[in-house]
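Starting off with a structure, shown below.
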Amino acid sequence: MELRIDKVRKEFDRFPALHETSLDIRSGELIALLGPSGSGKTTLLRLIAGLEQPTDGAIFFGDEDASHRSVQDRNVGFVFQHYALFRHMTVLDNIAFGLNVRPAAIRPPKREIERRVLELLDLVQLPGLEKRYPNQLSGGQRQRVALARALAIEPRVLLLDEPFGALDAQVRKGLRKWLREIHDQTGHTTVFVTHDQEEALELADRVVVMSQGRIEQVGTADDIYDRPTSPFVFSFIGESNALPIRIETGQAWLADRPLGIDVSGEADGPATLYFRPQDIEILTDPPGGGLAGPVAAQRRVAGTRHLELEIGGDRTRVEIEVPADYPIGETGRVAFKPKRWRLYRNDGASGN
Amino acid sequence: MALSATASGWRFKQPSVIPGFGLTLGFTLTYLTLIVLIPLAGLGVRSAALGWSGIWTIATDPRVVQALRVSFSTSLIAALINAVFGVIVAWVLVRYRFPGRRILDAIVDLPFALPTAVAGIALTALYAPNGWIGQYLAPYGIRLAYTPTGIVIALIFIGLPFMVRTVQPVMEEISREVEEAAATLGANRFQTISRIILPGLAPAILTGFALAFGRAVGEYGSVIFIAGNIPYVSEIAPLLIVIRLEEYNYAGATTIALIMLIFSFAVLLAINLIQAWSRRRFGYGN
Amino acid sequence: MATDITPAAADRRRGWSDPVAERPIARAILIGIALSFLALVLVIPLVAVFTEALRNGLGAALAALREPDALAAIKLTLLVAAIAVPLNLVFGVAAAWAIAKFEFKGKAFLITLIDLPFSVSPVIAGLIYILLFGAGSVLGPYLQSYGVQILFAVPGIVLATIFVTFPFVARELIPLMQDQGTGEEEAAISLGANGWQTFWRVTLPNIKWGLLYGVLLCNARAMGEFGAVSVISGRLRGQTNTMPLHVEILYNEYNFSAAFAVASLLALLALVTLVLKALLELRYSRDSVGH
């Protein structure tokens, strides 16, 4: 099922939780909504589900305008952040609920329902737990039951709000892979919300980065990581440094020092240079340019070492990655130059 | 905790730096013993003196049997009515916003605060054949006061806050997500309420029901004015205790009291079992 | 919320319904049922008390209250409450301190025992004291020989009232103090405060609203108790009549307007209790939000 979000806007008592937003989701795609807390991810997800009504705009399921359909009729599988399992029902009754509440005419026979539930329990790798109550399950198991329950109604789209948010790191990693497998197996169009970039980049076909009620960028993990279109995306994803610089006479300058990077084709004027700690090259003998500064702090990060340098007259701190055994000279100064970087103009335009 | 207990053997009290344990617990136990335990034990001693056969003779006296039957049946009906309307009242107070809601919420406690005798004469003034409401019913031959129906009316008044106040806090805790989950799975509002919300409230409703029922069986003040107190018809067990006392028939009074006390403890036990069961099964009490 | 929606979107939403709300018609019916039920069961009887009291005019009602027997009943009611409430207050605080601030064996059982008087019929509450102090008992004749009269006298009324209002303060304070834990008291002790100082300066300020709440309910019940007091008082007019008993006597003498006049005074007390209770709850929730 394709999804089309067409100029949708949502206000809560005049507060714009989601500014005008459009987004196309392809059939069978696994999409992540990624952004900091309060960026409107849940709101967008709930609008798709029909749990909220848009202030303006429309949501299409395939060619059909779904806006006039109530949640019940949209046939979406929704997995809630805190699972929202029915505490007084067994796992079996939880998963069967969506089928049991169907009108008699389209309700499968009791046997058939039970068969399907057991099948789903196998799919989510919880065979034999159908008699348990939610209270008797671990967090990860509850999450799986919640997913099985959502899948039981053969939803047109699957929506998950921070599906792993309440679980500990170990369980999260395991479930992440498993969700991808289930998605590949069932082929549902799936949208999930997360504030964990690693989760989004690793799991999703495409990532929708959101901030302050707006979509900042939509793209594959490579697009988002390598070609961030806004300073927000650059700094939100992975580690990054930002340096205020100036373009003049085809050169990039930090105060009176040339950076030695190729900015041909860039217009003159102030700009901000973004680069990641690992995308640098150490200069042993700085000839014409580069950045240099004393090491203010250092810390060991797995197999590498991160150095914090104080650059320029106003001692802007930048972080670079060096080999763990990198010898810091007696002067305590290190010189480097960004290998990969992006320039953002203060008017929002970008280039590199 | 378990560790320290095994290390040092059985211990009545865990160590604490806070003073006053001996004083406060001593006072509590003394006061409890003097005011509650000794007098109640006295009832036990008196009953024991009667012996099984003595108790049995009195307990099977037709008038006693009938009084107990009236008490239990009217209490049961009143508690059932309160279960239905109490849940509706609680729902309206928790879920809807309308002018006057706060006042209504406060007034639910009226039966806790209004002396039972006052409630009794007020209800009688309404439902007596010449009363505010009774006068419109009398021409149709409907009599409420001075019949078992009158008793039920008084017991509804008495039991209502037990029901509402037990269910209300649990209703407030129902998570919106759970209701939304039911909706995304295709349940209409009626299905969500009947299959998700009400079963979730069941332990609270049962507890409220038991509390209202237990209270109603022992109720005296509000009932005797409206009941008419006709032996074998509208005479409740607590009234029969009073009558036996006025006859200086202490054995009679004691036996009826004993039966009612045993019943009260059974209700208390039932409530505890409901809550323990609910906690074990669903992970929440009440 | 509807105002947040543009006309175009409103047009599209036809058929959409809020997943966690009833349809307006169902809602209206439920509110209607609740309002009618509360009106019928609670409001109309309350109105009836005052209307009946004023049936012969305010002057008659006031006269009924100024009658010597009525005054004696009011005095006795105040006296009984003035003894029973403070005793149960002290008991409630002591019990809550022992139960909430310490861990000891048999605590759950103790709490059950404290709650016991709530599940005993008021008539039985009166009866047990009659059995204890009555003619057939050991204690009664012994006390009688020293000229101490318990039954059919003020001490008996006080005892029965203490019994029926026994758990009010304790059951309000126990959960409250359990929620608050022992951290603050331990801190105070470690800073050198003694037990009394800790109680007055640390514990009491934390529980004062809950305490007041318990006292309020305790007092309402103490002044309004009928069954237990009725059994034990012997109903000597002017001597051992509390207000609720006086209401009964007037009512049984077919002196309805006087009965309702005294009843309306008790109803006023109930209303004041409800208002204070509502105010305390507001206060309560505001305090706990601050925590």
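Labels for the chains are A, B and C, by order of writing; each one numbers its residues from 1.
Keep in mind that, in the parts below, contacts are C-beta pairs under 8 Å (C-beta built on N, C-alpha and C of every residue); 3 or more make two chains touch, one makes a residue touch a chain.
All of these numbers come straight from a predicted model, not from anything done at the bench.
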| item | value |
| --- | --- |
| Set of chains adjacent to chain A and to chain B | C |
| Between B-C and A-C, the pair joined by more C-beta contacts | B-C |
| Distance from the mean Cα position of chain C to that of chain A, given in whole angstrom | 56 |
| Chain B and chain C: spacing of chain centres that average the CA atoms, whole Å | 15 |
| Where chain B touches two or more other chains at once, by residue number | 180, 183-184 |
| Chain A: positions in contact with at least two other chains | 51, 70-72 |
| Of all residues in chain C, the ones touching two or more other chains | 17, 19 |
| Contacting residues of chain C [partner chain A, same complex] | 1, 4-6, 8-9, 12-17, 19 |
| Complex interface listing, chain C residues touching chain B | 17, 19-23, 26-27, 30-31, 33-35, 37-38, 41-46, 48-49, 52, 87, 90-91, 94-95, 97-99, 101-105, 110, 112-117, 119-124, 127-132, 134, 136-137, 159, 162-163, 166, 182, 185-186, 189-190, 194-195, 198-199, 217, 220-221, 223-227, 230-231, 243-245, 247-248, 251, 256, 259-260, 263, 266-267, 269-271, 273-275, 277-278 |
| Residues of chain A touching chain B in the complex | 49, 51, 70-72, 74-78, 80-82, 84-89, 97-98, 101-102, 133-135, 149-150, 152-153 |
| Residue numbers on chain A that touch chain C, as the complex places them | 11-14, 50-51, 53-58, 65, 67-73 |
| Residues of chain B defined as touching chain C within the complex | 1, 12-14, 16-21, 23-25, 27-28, 31-32, 35-40, 42-43, 46, 85, 88-89, 91-93, 96, 98, 102, 104-119, 121-123, 125-126, 132-133, 156-157, 160, 176, 179-180, 183-184, 189, 214, 217-221, 225, 238-239, 241-242, 245, 250, 253-254, 257, 260-261, 264-265, 267-268, 272 |
